[in-house]
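For clarity, chains are labelled A, B, C and D in written order, and residue numbers in each chain start from 1.
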Amino acid sequence: MANVPNRQRDYNEVAGSSIHRLAGLADGIFAVGMTLLVLGLAVPAMDTVKSEGDLLRQLGGLLPAVVTYFMSFLTLGIFWVAQQTQLGRLERANRNFTWIHLGFLLAVTLIPFSTLLLARFHWSRVALVEYWLNIFVLGSVLLVAFEYGARAKLFPEADTASIAHLTRRRVIGAQTLYLLGMLLCIFDTHWSIAAIVAIQLNYAIAPRIPLLRRL
Amino acid sequence: MANVPNRQRDYNEVAGSSIHRLAGLADGIFAVGMTLLVLGLAVPAMDTVKSEGDLLRQLGGLLPAVVTYFMSFLTLGIFWVAQQTQLGRLERANRNFTWIHLGFLLAVTLIPFSTLLLARFHWSRVALVEYWLNIFVLGSVLLVAFEYGARAKLFPEADTASIAHLTRRRVIGAQTLYLLGMLLCIFDTHWSIAAIVAIQLNYAIAPRIPLLRRL
Amino acid sequence: MANVPNRQRDYNEVAGSSIHRLAGLADGIFAVGMTLLVLGLAVPAMDTVKSEGDLLRQLGGLLPAVVTYFMSFLTLGIFWVAQQTQLGRLERANRNFTWIHLGFLLAVTLIPFSTLLLARFHWSRVALVEYWLNIFVLGSVLLVAFEYGARAKLFPEADTASIAHLTRRRVIGAQTLYLLGMLLCIFDTHWSIAAIVAIQLNYAIAPRIPLLRRL
Amino acid sequence: MANVPNRQRDYNEVAGSSIHRLAGLADGIFAVGMTLLVLGLAVPAMDTVKSEGDLLRQLGGLLPAVVTYFMSFLTLGIFWVAQQTQLGRLERANRNFTWIHLGFLLAVTLIPFSTLLLARFHWSRVALVEYWLNIFVLGSVLLVAFEYGARAKLFPEADTASIAHLTRRRVIGAQTLYLLGMLLCIFDTHWSIAAIVAIQLNYAIAPRIPLLRRL
């Protein structure tokens, strides 16, 4: 009977199975991450600005920070949409699935750090590779979460194969493009940054270019 | 059949369609934005205050920061209500609509930056125009989101024309007033700030003045 | 018919009526506020600590900051419970009610500022009165929101009189105690701080002391 | 009748009983806490980095901060899952239960402080004991919340005994391990940090080791 302590039952079987709570935590982390990014845009100090011209020049100097800000907002947006899409298809969650997603959220919280690093050292391959690694971890963990969920039958059975196909094609296509974009830093890190922004705009705007839609 | 991988089906058709998640992310971003504004109110440093009089004087010196703080909280409140109103009318969302709203939220995260800039350089037309641009983008993107949603039939058919009329009149009326308020900076940026606060109070308090209700 | 633009209809009639969104925004603002408070607890700088004894002494020096931190967390907790109680009784919301609550949330976002001010200048009556004013505004605006909601028939009719009685007694009782606590700063601000903490603990722990339950 | 003011009725009987709001506040606080942790990872200053080698060395110097960051994210994840599990089993909440959980959330907001303290003074027993105390309070308050909820009949009657058994075994097992881990600081604080990370990984990954599953 249910009210007799059951020694065979495991704490982990009853833990962490609320999709709603996981979505709530994720929305909060993405929201804070997106808003913290703006702290990378330092408002000019008062004593460096004596005239309108000074202010315009100082704001112009924020351009690299604005580009990385925009890039990181796109990154967070893309992965927020991707996670929402995965969670929206779930029939139920369990503890392991929840912990894989907590790993994903750990990588999300690192985006403001990676962004500030790249904004400050945009000439550095070390900073660029660190940024790319962050994107790579985000994509990989989301794929791992999907593969685990498919094996643990967390998605509706009739849909799983179809979602699997779309998810794998999307993650592998996107990660291949990001890898190629990152490799451009062999020539110049600014080419890599331009390529990554272009890839992200492609996923955000989703233009109707047949070749790109395949990826 | 649903469990056969369907090569014609596109990832984007299944992505990003949860109104609930979009509302959760938006509430988080507005909440963080509204709370970060307060960081613009710097607590006086300990060594500058020796007496009650010193503290009173220092708090008095925060007045420009308090005015821009109040103005920005009103801005965020007005656009939070506007977005809530739009999302509350939706029948369903899709990926493109979600991305237009992510663009709107990008502009929301910039409000703390624009606010701090204007608080620090309240004499500067550059800072004022930057602030106005932020408001302009917020209003425009919300209108674009509505127009897209109406064309993509995301609103209940019976309501769309009526909501369209109210939304367009509201956005165009408000943006015209903001533009006029901004142009006052030709004379003095402080007139512009006073005008923008007055316009915002009008929308927040919604007094029963026939002329203003038309806008 | 509904799909004919209706010139008599006002934007404000359809705006801002989601209780769920208001609760989501409020939870976010309280959550950020409660977490930002901790930034008032400055971790000792590395070069000021050479030994375990140094660290212990530095942590001891954080005591005033810890007391105001605890006091402010209690304040936010009390008003979060109070707002939750009011929203939980609502049958529906409207735009004016939403804006009164946005005013309440504006006062919530100021609590981290007031807290840091009082932690830094705990000897100052100016800082104490500013803190008390913040609590006073929180309580008053919540009462105004209730009175407006009662007149606008936003609460279930059968309950309104009973909720009105409990709400008024609670707000007026608590605000009278806070006022008396604040007035102790005529003698010493530290007495006021102790009194305010005691009042808040009374409301958080809700002991079964007949006299206090009346208030 | 309900609309007659009832002098016997107490404000506290109607206050603070929304599980949904409590979950929303908790998700927000955990989300902000998890994201604030990253502020402990200071991006290297611009003038300390002249080459790729400098940047690599500076990032290497962040290693202790990364370890405590990872440890604290695990801590927050474990207690988020634990709280979610408890709230997910609730049938209803009341004001006292809500205040016990607010006490739990107070301890959650302190984790970024404890983390930064330990990252900065990883050689210090004082910092380590403070960190352990934070974990101890988190576990204890969650157990107190459960015991109160069981006595106040907030859980479904048929399940209470079974949940009680699992909850007590889990909290006492975990807290015993944390205590042993902390005591290793008698030899070296770095052993304690390694032990705590190992314990947390055990709970996050939940390996199928019979001995550990018992705890």
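In the analysis below, a contact is a pair of C-beta atoms (placed from the backbone, for glycine too) under 8 Å apart; a residue touches a chain by one contact, two chains touch by 3 or more.
The shown structure was predicted, so the numbers you read here are calculated from the model rather than taken from an experiment.
**Student:** Sharing over half of the contact pairs with B-C by residue number is what counts; pick that pair out of B-D, A-B or A-C.
**Tutor:** A-B
**Student:** Take the average of all CA coordinates in subunit A, do the same for subunit D, and state the distance between these two points in whole angstrom.
**Tutor:** 25
**Student:** As a quick test, compute the distance in whole Å between the mean CA positions of subunit B and subunit D.
**Tutor:** Averaging C-alpha atoms per chain gives centres 35 Å apart.
**Student:** At least two other chains touched by the same residue of subunit A: list those residues.
**Tutor:** Touching at least two other chains: 24, 27-28, 31-32, 36.
**Student:** Based on which chains are in contact, what kind of graph results: line, ring, star, complete or other?
**Tutor:** Basically all the chains touch each other, so complete.
**Student:** Where on subunit A is subunit C touching in the complex?
**Tutor:** Counting only subunit A, the residues touching subunit C are 28, 31-32.
**Student:** For a test of understanding, state which residues of subunit A touch subunit B in their complex under the given definition.
**Tutor:** Counting only subunit A, the residues touching subunit B are 23-24, 27-28, 30-32, 34-38, 41, 43-44, 46, 49, 52, 55-56, 59, 70, 73, 77, 80-82, 84-85, 87-89, 157-167, 169-170, 204-206, 213.
**Student:** Inside the complex, what are the residues of subunit D that reach subunit C?
**Tutor:** Those in contact with subunit C are residues 1-6, 9-12, 14-18, 20-21, 24-25, 27-29, 31-33, 36, 95-96, 98-99, 102, 105-106, 109-110, 112-113, 116-117, 120-121, 124-127, 130.
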